[in-house]
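For reference, chains read A, B, C and D in written order, and residue numbers begin at 1 within each chain.
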Amino acid sequence: MLEIRHLSKVFFERNDPRRSGLVALHDISFQVQGNEFICLLGPSGCGKTTLIRIAAGLLRADKGEVLVNGRPVIAPGRDRCMVFQNFGLLPWRTVMENVEFGLEIEGGPREERRRICQKYIELVGLQGFESYFPHQISGGMQQRVGIARALSKEPDILLMDEPFGAVDAQTREQLQEELMKIWATTNNTVLFVTHSIDESIYLADRVIVMKPRPGRIREEVKIDLPRPRWAVDVRADPRFAQLRTRIRELLRG
Amino acid sequence: MGLIPATRGSIHFRDQLVTEPIQDVGMVFQSPVLLPWRSVLDNVLLPIEVMNRSRREHAPAALELIDLVGLSGFENKMPRELSGGMQQRASICRALITNPSLLLMDEPFGALDAMTREELGVELMRIWDEKRKTVVFVTHSIPEAVLLADRVVVFTARPGRVAEIIEVKLPRPRGLETEFAAEFKEYVDRIRAIIYAQKVRR
Amino acid sequence: MQTTLDDQQALAELNLSRVRPFQLREYPGLIRLCSILLFLAIWEYYGRGVDPIFLSYPTAIARAAVQVTASGELGQQFLLSMKAFVIGFGSAIVLGIGVGLLMGRYRLAQYLLDPYMYAMDATPRVALIPLLLLWFGLGIWSKVAIVFLSGLFPILINTFSGVKTVSGSLVEIGQAYGAKEGQIFRKIIAPATLPFIMAGVRVGVGRAVVGIITAEMFTAVTGLGAMLIVYSSSFATDKLFVPIILLALLGVALTEVVKALQSWLAPWKESERAESE
Amino acid sequence: MSRRVFRRYVLPTLTIAGLIALWQVLCVVLDIPVWLLPAPSLIFQKLVEWGDKLPLHTWVTLYETLAGFALAIAVGIPLAILIVYSEVLQNTIYPILVIFQSVPKVAIAPLFLVWVGYGAISKILVAFLVAFFPIVVDTATGLNAVPRELMELMKVLRASPYHIFKKIRFPAALPHIFSGLKVAITLAVIGAVIGEFVGSDKGLGYLILISSSHMDTGLAFGSMAILAVIGIGLFVGVAWLERVICPWQTTEHQ
């Protein structure tokens, strides 16, 4: 379980707290239950990426705290894993070596690592591409590598920072559906940052709508669409349209 | 439009065979490609300059266009001072300044985030309403195609063929609320079905 | 280009004529070879006509080359130059990369050392040659020092700025996966900086060659540079061309070796930035 | 005095002054032999002593450098334009130029001496030769670096080649040209000095040569200092020109 308590973060000019500062996050609080899929939605500059980076332990908050299973986050840990916006693959490693990266850092027997990684490479549908380099595969496939790498550590919480922002619209829809299928088998807790309204409704149990300057929570929207959402097209559900209108208005207002 | 020759077949514009770039056309690309050393206004007036027409005569038209896309007040800013969405608006002005009868848009909103993208789509329809042009718009996004188009030409991948041409008979003016119409959904589903049928076959 | 069955089918349907007309410009190697041969021929023809002191001609140079090679002079001087080069450049690589990595990663090292780095890089290094000769004498060590100083700064600066460039995004990936400092160095910073390091080595090689030639020309005692001065002051122009051509080939060969290393060590980086010389 | 002025100008000046003071103190306290490392006071004294002759030597080196640099620009930029516009040249001369970049050009300096004698011209030619290659190669790269879409736009507008060059290609190439010029100006100084090392009777390189052979390290250091000032000054001048001519570039560079 993930809990965000009164989180605030200010970016000062040249890191000097005596200078003027930009309030990226202002008093953010919410809770994520186990196995819940939460989307953080908002325009650019509303601090959603900052929030997820604090949750990952890459950034320190100025006020407030992030709790994972009751313990405060101070550094990256093996209970959380991050999927990056620009895939964050290491260009000198093959697909397999990239997926292995997380487990390699932890150590442990190589055979075991290979076995686990092979499982997740197959789960994201990349079998046959293990020895390719990132620049040899498409953006959509690169992000599957990123997802497999995060999943291979079998974390409780998956943090995804606009993972599908850099791929084209059709690939994006395909990846969303695949993520839903994968999530149905792994059942991690997911915190997913996006600026696409449709994406957030399609994926999330709850959408946390944020607004910028200073970054804060505008409202929480519960998405009560039935799962699995890929079998029948939920986008056709009239409730989908209603939710979209509602969220769009929240973003405008 | 005459930039690369066809291997076979031809393109006709106003009953004329296109063999070299034709003049009466405006182009908008995926990235705004503004000249970094020119202000917004100077970028918009670039086509006028290279066509050897009078800058002074066209300056009011340029300002009007800048106003139309909602950039008034930014005409003297440099491109790097503008956000991606604003830069793309300026490049739309640049395409319109010669008052072409044909506007070619190659995934113009592809590099923008989803919210800016929706906003610019609506904006484009408003501009189109005011300055009726023939527009050929290339996109990846199915909802974007249905929202904007009178007709959607669905292509197959490798080799590129026309899979189907779909007439979109949604009433105009359209806006973001158009997306809730049941017909809108039907169009989107139909196109998606065509595209995925292609993928499965391969 | 990868083609699918569909592509082939469509291609067959189009039934295009697939004969390719011969075009001379598609054979740049041939054109270049002809151009070089023509140049040599003209040089030979006119070169025989002018005073041999002023401009020699290809066959005379070839004869001189055989002569200085057979006497063992060329080989001996070449080895003297290369020995200094290998020692000096080897240490420049080791120290340049090591210090560059430290300065890139640790602010304290950066602030301690960067004034010297920039000051030394801005000074025209050839001006230091007389000083180095005073300090290290006329033997090999002054040459080693100049090669070291010429090669060090491009490598150091490129390594340093490479680490700075990769610092943000890639290091963060390591951190997100809980990598320790040593692991971040080994698994992220070192490979990611490699293309930058190699670009620096490429620049450094060029500068080091210039440095050693200049030092040898300055002292005119040993090495290929000394041969240049000796032959030019005795107006043996045909012999003078021999070390010039050898040095030209050496410069090109060293650069090509570094380029090959670059694409072998960092095949994922299609394009790298490299300043000239 | 604002903080910025203090940090950018005053602080470095103070640091340098401090280092020179430390140098002086160490020389005196440790009693370092003059031939090994002269004290700053001695260098200064030598500079004053040679005050009447130094301007001539400085001017000679500066003149050789600038003449070679100007010649390199005058030949290099037009040649780059020809290369970019002619497919034949692009396929023949350009690859050869790229290969020649890695040839140590200074090796040819003795040959120039044979050809044109001891005068300033042989030094100008060396400076020209070393400065020429980065200018041609970077200019050609810059002229080819225009985004494909912009060239297509120009085609669609049926812009004349002159307009395309003047309004798009040349301004787009300017940042590249300047990065070539910045490398070239440093190299031109080095070229002129090497030319003087090989054979001359005036110039700072000559002065360094004779003073060090007479073990007059004070004068050698003084000449080197002037040379360093020339080198840095010219570089800063070109960089300043870049900021004035292409102001849009500066923010991206930072």
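Everything below uses one rule, namely that a residue touches a chain if its C-beta (ideal position, glycine included) is under 8 Å from a C-beta of that chain, and two chains touch if they have at least 3 such contacts.
Everything numeric in this text was worked out from a predicted model, so none of it was measured.
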{"item": "Best-connected chain pair, where connection means C-beta pairs in contact", "value": "C-D"}
{"item": "Between chain A and chain C, centroid-to-centroid distance (C-alpha), Å", "value": "46"}
{"item": "Centre-of-Cα separation between chain D and chain B, whole angstrom", "value": "48"}
{"item": "Distance between chain centroids, defined by C-alpha means - chain A, chain B (Å)", "value": "32"}
{"item": "All pairs of touching chains, each written as two labels joined by a dash", "value": "A-B, A-C, B-C, B-D, C-D"}
{"item": "Chain C-facing residues of chain A, complex", "value": "56-58, 75-78, 81-82, 84, 86, 88, 90-92, 101-102, 104-106, 133-135, 153"}
{"item": "Contact set on chain A toward chain B in their complex", "value": "43-44, 165, 168-170, 194-199, 233, 235-236, 241, 244-245, 248, 251"}
{"item": "Residue ranges of chain D in contact with chain B within the complex", "value": "147, 149-150, 152-160, 163-164, 167-168, 171-172, 246-249, 251-252"}
{"item": "Contact set on chain C toward chain D in their complex", "value": "25, 28, 31-32, 35, 53-55, 115, 122-131, 133-135, 206, 209-210, 213-214, 217-218, 224-225, 228-229, 231-233, 235, 237, 240-241, 243-244, 247-248, 250-252, 254-256, 275-277"}
{"item": "Chain A partner contacts - residues on chain B that touch it in the complex", "value": "110, 113-115, 139-144, 176-177, 179-180, 185, 188-189, 195"}
